[in-house]
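Step one of this worksheet: look at the structure below.
Which chain is which? They are A, B, C and D, in the order written, and residues in each are numbered from 1.
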Amino acid sequence: MKDVMGIINLVEPAELLKDLTNHRTLGAVPIGGRYRLIDFVLSNMVNAGLRNVGIFVQEQYRALMDHLGTGREWDLNRQRDGLFILPPDYRGEERNSGDIEILHRHYDYFERSRQDTVIMAGTSMVCNIDYQKALAYHDEKNADITVIYHKSRGPSNLSTIFSLNSDQKVTGIQVNPLHAKEDNVSMKMYIMSKQLLMELVDLCLCRGETDFVKDGLIKNLSQLNIYGYCFNGYVASINSLQAYYKHSMELLDPNIWEELFFRSGLIYTKVKNEAPAQYGHKAKVSNCLVANGCMIDGTVENSILFRGVRIQKGVHIKGSILMQRSEIKENAMLEGVILDKDVVITEGKHLLGDPGYPLVIGKKTVL
Amino acid sequence: MKDVMGIINLVEPAELLKDLTNHRTLGAVPIGGRYRLIDFVLSNMVNAGLRNVGIFVQEQYRALMDHLGTGREWDLNRQRDGLFILPPDYRGEERNSGDIEILHRHYDYFERSRQDTVIMAGTSMVCNIDYQKALAYHDEKNADITVIYHKSRGPSNLSTIFSLNSDQKVTGIQVNPLHAKEDNVSMKMYIMSKQLLMELVDLCLCRGETDFVKDGLIKNLSQLNIYGYCFNGYVASINSLQAYYKHSMELLDPNIWEELFFRSGLIYTKVKNEAPAQYGHKAKVSNCLVANGCMIDGTVENSILFRGVRIQKGVHIKGSILMQRSEIKENAMLEGVILDKDVVITEGKHLLGDPGYPLVIGKKTVL
Amino acid sequence: MMNKACIAMILAGGQGSRLGVLTKRVAKPAVPFGGKYRIIDFTLSNCANSGLDTVGVLTQYQPLALNTYIGIGSSWDLDRKHGGVTVLPPFVRENGGEWYKGTANAVYQNIDFIEAHNPEHVLILSGDHIYKMDYAAMLTYHKQRQARATIAVIQVPWEEASRFGIMNVDDQNKIVEFDEKPANPRSNLASMGVYIFNWPILKQYLEADEADPSSSNDFGKNVIPKMLASENDLYAYPYSGYWKDVGTLDSLWEANMDLLAEKPSLDLHERNWRIYSVNPTQPPHFLADQSIIQDSLINEGCIVYGLVDHSVIFPGVRIGKNSKIHDSVLMPNVTIGENVIVSKAIIGSNAIIEEDCHIGQGDPGDEQELTVVAEGAHIKSRSKIATTAQV
Amino acid sequence: MMNKACIAMILAGGQGSRLGVLTKRVAKPAVPFGGKYRIIDFTLSNCANSGLDTVGVLTQYQPLALNTYIGIGSSWDLDRKHGGVTVLPPFVRENGGEWYKGTANAVYQNIDFIEAHNPEHVLILSGDHIYKMDYAAMLTYHKQRQARATIAVIQVPWEEASRFGIMNVDDQNKIVEFDEKPANPRSNLASMGVYIFNWPILKQYLEADEADPSSSNDFGKNVIPKMLASENDLYAYPYSGYWKDVGTLDSLWEANMDLLAEKPSLDLHERNWRIYSVNPTQPPHFLADQSIIQDSLINEGCIVYGLVDHSVIFPGVRIGKNSKIHDSVLMPNVTIGENVIVSKAIIGSNAIIEEDCHIGQGDPGDEQELTVVAEGAHIKSRSKIATTAQV
C-alpha cells in the first residue's frame, strides 16, 4: 500500500452555523447523536490506512483538542506518525486569513513526514467514503491533483463547482457561483503529491496569495492535470444552519443511517462511558436516534438525542436535536428546536421553531 | 492522598536565553544531554502523584507540543485527567501580556478539574524536588499560599526575593531587585487551593492587572497567609545564557548528576530509540555526559553531548554543549561553544567561546 | 519502580459452569451484562475509581475473549507505564508447569509478580460479582484497625445465608468465627470475596497452605480459616449497597432485570463512579416509527421496529416489525426477525431468530422458567423454543 | 474487526537452557543484548517496521519478565486498538488444559486467536534471533510466486551447515528438499525459522499434525517435511544480511562483539529501521576524568571511572576507579568496584563485583574461554573467577 498522509484543514468559514460555531470551530460541531463533524473525515482517513494526520487549526480549537485527546479513539496515539494538531502559534505579527498561510507555517511538518502523497480535506462534508478507491483512481489517471466531487442540484452559492471534460479532467472551477450550470459539487477533498502541495503553497505565499482553491488551483489550472473523482454515496454538506438541520433529520432514514455509519468503515469518536439509554414506563419514542446515557420518560418523535439527555414525564418533543446533557423537565414541549450542550428547559416551557429556521438555544442556557 | 493538580505556566521571559529561545519557548530548551527544561517540573509533579497537569502556553510552543506528544512518557495519557496543553486560542482581539490573562482564558479547565489543590510552577528552575513534602508543609502551616524558595547569594536582578519572619511567613516580596538584602530566592512554585487561585486571577483581571506575583501576591500580601517552604537541594536557575552554560557544566559533578536525576524520583523525557553511544578506536573522552545515539571517534573533555551527536577522528572538543544530531567533521576544534540542534561543523574548523560568553550556533547551521 | 502501597489481584480463572451455554467459549467474568458491560467491568472499574493502578488478573479457563477484552487496560485507564493491568495465566518454571489448583494457589504461583511491586497490602477480588465499592475506603478502615486481614461482608436474607461464607463478628466487627456455607447460620453477614491482607502475612499463609497437601488451596475454605485459628486481628468491613454473585443463569437474568427498576439500586449513571467498559464503535440506536419501548435499557447500534418491554438490549441488536420482546436479555448482535415473540429469555451473542418464532414458555406476566438461547444459535422460522433446557 | 492480510506469531516459549544461568529466571527472548535491547526486540521491531500490526507472542517458560517487558506493546508502537501485541500463554479449555508440546502445537492451540483476525497469511517467527528483515518484502515475494509456504533462508559457512535445517532449491528457489541438521549437507542455505504460510493451508497441516501421535509437533521436524512431501509450491526466500541465532553463551557473546566492529554488519543507528525497545528512565552516562573508553558501546545511566575496551555496557552500570573491562558484556545495573579486571566475560544483571577481583581466564588478547557471572551474583573482594563454569 502507498504511504499516504492526511491533512484536515479547519480554515473553513464557520459563521454560517451561527450560534453552533460561536465558541467552537466547524469541525467541533456536534452531529448525529454522538459525533463531531471532524469524526467523519478523520475516520475515513484512518479506515483507508492513513497513520499520519495533521490537523491545521486557526482559532476556537479548544473544544476540538479536548475531543481528539491523544488520538486513541482513532488509533493515532503513536510514537511514529500519529495525530498532530497544528495551531498557528503566532508570534507578535499580524495574522492573515486564508489557508495558504496556515499550511505554510507548518512547512516543517510536511518536511518531517515520511509520506509522499497527501489527502487534504475539510470537515463540512459528512460522508463515509473509501479513500483507497480515490487513491487508486488518482494513480490510474496519473493525475497531478484529484479532486473529489458529488452530484448535487441544490443552490450553488455556497459550493465550489467543477467543469469536467469527457475524460473527467477538470476544465473549470467556480467558487460560490450564484447560478452554476454544472452539478459537480466539490467535496473539498484533494489528493496530490506532498511535493506538489508544498510547491503550490510556497508559490502562492511568495505571490502574496492566500487561498488554496482560488489561487493555488484556479490560477494554475492550465499547467496542472486535475481530475475529478465522483463519489456516489450519501453526502451531507454542512454549510448552513438549515443544511445542518435538514441533514440531521435525514439520519432518521435507516438506509442513510446504515450507509453513513457502516458503509466503508466505522466512524470513531470520543468515548464517554455512558450507560445504555434507559426508557421509563411512560416513554413513547418513535423515529428517533438515541445515544447512550439518555433517560427518557416522555414522548419523543422524529428527533435526535445526544448522550446523556434527560427527558421527564409529560414532555413532548418533535423534530428537534438535543445535544449532550440537555435536560427537559416535566410537561415541556419542543418542536423544530436545536439545543446546544447542557441546556435546561424548565417545567411546562413551550418552544417552537421552523424546519427552515430552527430555533437554536445556546450552550448552558437555562430556559 | 490529597488530590492535587499541576499548572505549568510557560508565560516566562524567554529572551534571556537569546538564540536558544528564538524558535522555542523556554520550557522547550534542551538541557542535560537529553532533556528539555519542562521535563524536570513535569516529572516532579508526576512523581508526587499528580495525575492532572495543565500546561499554559503563550507562543512558540510547537516544539513543546512535539516533545510532550500524548503525555505517554509521563504516564499522563489518560482518559480521565491527564496532560492538557492550553494554548491562548485568540480570536481576533488584541493580546495582552502577562500570565493572569492566560490563566483566565482557561477558567473552564479549572472548573472542570476535580482537584481542590494546585501546584503552579514555571520551567526555569531545574531541580528534583519532592512536592509531597511541600504539600505536607502547606497543610501543617494551614497556609493560604505556600511559596517554595531556595537560599542563593547570586545576583538578584533576575530573581524574586522573599522576606520571611521567624515563622517562615512571607512579609515581603521583591521582583528583580538590583540589591536584595535577603537570599530567599523564589523558585516560582506556588501551592494553594484551586478556589483561591481562581479568585486571585478573577480579581486581577477585573482590575486590569496582568501579573500573578506583582498584582496577585504582592498587592494582597496583607490579606493572605503566605508561607515560605525552603528547598535545600540542588537548584539550577536558568535565567540567562550564562546561567544555562554554568549550570550545564555543573552536571559534570557526579554528585549533582546523582541528585538531579535520581534524588526524589526519576526525570522522564521523550523517548527516541537511539542505540547506545558508540566509541571508536580513537575515542578519548573524559569528564563528559554522553547520551545515546552518539558516535565518537575524537577527543572530548568537559562537555555534554546530546543524542545522536557524531564526532569524527582528530576532533578536539572542550567545555562545550552539543545538542541533538550535531555533526563535527575531522580535525575541527571547539571550545566554550553551544551548538543548537542539527548543526554541522565542517573539517578543520576552529570555534572558541568564553565560559562567561559562550558562543551559540543556531539550529541547522552548517559552518 | 515505585513501591505500590496496595495492588489488586482479580481471580478470573473460573469456568462458571453453572452459566451453561453462556460460558462454553468464554470465562464467566467475560459474560455480557447490563446491556453494555462484561461482568469483570465492575471489579476493574472499582479498582480504577478507587485509585488502584496495579491490577493482576488471574486467568486460566478460555482466556482469549477475556485477554482480548481487557487488552491493554486502556478502557479502564489502566494502560499505565508502571503497573496497569497484567493478565497472569499459569506458566512453566524450570521444573515444569502447573495449572492453578485453587484461588489461593493461583495467587501463590504469582508471588514473583506481587513481590516485583513490593506492596504493603494486597487486595484479593473476584472477577464475577456485580457491585460498586470504594476499595480505598476499605483500605483506610483496614489500616485504622491495624488489621492483619479485612473481609468485606454484606447482610444477606437469613434464608439464603447458608449459601454463603458467613462471618460471626463481635461488636468491634472483629471476626470471631467463619462458617463456609453453614447449615444453621448464626449470622447473616456473608463474605463478598473481597479481602485485604498485609502482604508479608498473606505470603506466609500462602506458603504454609501450599505446603499442606490436604489443602484444596482455596481462600474461603483454607486460608481464611487457618488465619482465624492463629491470628487475632481479622476484621469484617460492612458493606451496604447492591452486590450480586451472578453464579447461575437465574441470578444473571435477575441482576439484569434489577437494572430496570424505576430507581435501580445499582445506578449506572453515577458520574463520579463510572463503570468503564470497552465501547464498541456504534452509532446511536434507531427506533422506527412503529417501535414501542418501555422499562428497558437499549444500547447503541440497535435498530428496533418492534416492541421492547422490560428488557435489556445490547449493542448491534436488530428487532424486526411486529416482534415483541418481554422480560428478556438480548446480548450483542442478536438478530430478531419479524413477528417473533421472546418472553423471559436470555439470547446469546450473535444468535439469529428467524421470523414467526416463539421463544419462552408462556405469555408475559405468567410465572415462567427462563429460556436460554446459546451464542451464535440460528433458530429457523416458525420454531417454538419453550423449554428450561438451553438451546 | 478488519480482515488482517497477515498476522505474525512469535514463538517465545523456549527455555533456552543452553544459555545456562542467564535463563534461570527469564525466557531466552528476554535475555539482554547489545547494550540496550532484549533479544525479542529485533523480531518485534521487524514486525513494526514491516507494517504488521497484529502480533501474537506465544509464551510458556517463565513469562513474567517477558510479559512485563512487552507490556502493552507501546514501545514498538504495537499498542493498537485492533490487533497490536497479544501475549498467548497456554490455557484451560472445557476438557482441561494442555501445555504447548512443540512449536507447531503452540500455534495449533491458538487457532481461535488467529481465526479471530481472519488473516490470509500467517508469518511464523522465532523470538530469539538477531536480525533486521522486511517481512513485507517477503510477503510480496510469497504472493508473486503464489507459494503455499515461503521459508527465509541464509547462506551459512559450509562447515556450519550441518547445525541447521538445510534447504535444497531449484533455480527458481523452489524448495526440493529439506534436511534437518544433515551430516553431509548438499547446500548451505539454512532455514532462518521465518515462515509465511497461507493460513487455510497451514491450518489444515496443523490439524493433521495434531492428529498424528508420532509427531513431535515441531515446524522444522514435522510440519515442513510433511508439506514438502505433498505440496509443490514451497519457496525459499533468500536473505543476505546479519542474522544470528544466539542459542549458546558463546554465540551470545560473539553477537555482542560483532556490534563493536568499525562498521558493524548490524547497523543499530539506521533511522529507517529503528530497533525499538523499552527505554529505561536514565540520564546520559557520565565518564569521569580518569576514564578511558574505546571500541565500545555504552548506554545511559552508567558512571565510568575506569577503562572500558571493546565491551558492551548496559544501562545503570557503575565501573570503579582503576578497573579494566576488556572484551566483555556488562548487563543492566552491574556494579564493578575499584581495581577489578574483567576479561572476556558476560556479567548478568544486577551482579556486584567487589574491589580487587579478577574475572576471566587470562590477559586481554590471549585465547581464552568465556566466563559468565550469573544475574544478581555478589562476588566478594579479591576473588578470582576464571573458569569456564558459570558462577
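Please note the rule applied: contacts are C-beta pairs under 8 Å (C-beta built on N, C-alpha and C of every residue); 3 or more make two chains touch, one makes a residue touch a chain.
Just so we're clear, the structure is a prediction, and the values are computed from it rather than from any experiment.
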Most remote chain w.r.t. Chain B, using mean C-alpha positions, is C
A student comparing A-D to B-D should find more C-beta pairs in contact for B-D
Between chain B and chain C, the Cα-mean centres are separated in Å by 47
Taking each chain's centre as the mean of its CA atoms, chain C sits from chain D at a distance in Å of 40
Among all residues of chain A, those touching at least two other chains are 72, 77, 79, 271
Note: chain D residues in touch with at least two other chains are 74, 79, 276
Chain C contacts chain D in the complex at 13, 15, 24, 59-64, 67-68, 71-74, 79, 84, 86-87, 89-94, 97, 99, 112-113, 116
Touching chain A in the complex, chain B uses residues 59-62, 65, 69-72, 77, 79, 82, 85-87, 89-92, 271, 273
So, in the complex, the side of chain C touching chain A is made of residues 34-36, 74-75, 262, 268-269, 274-277, 279, 281-300, 303, 308, 312-313
Residue set of chain A touching chain C in the complex reads 32-34, 72, 252, 254, 257, 260-261, 266-268, 271-293, 295, 304-306
Per the touch rule above, chain A residues touching chain D in the complex are 72-73, 75, 77-80
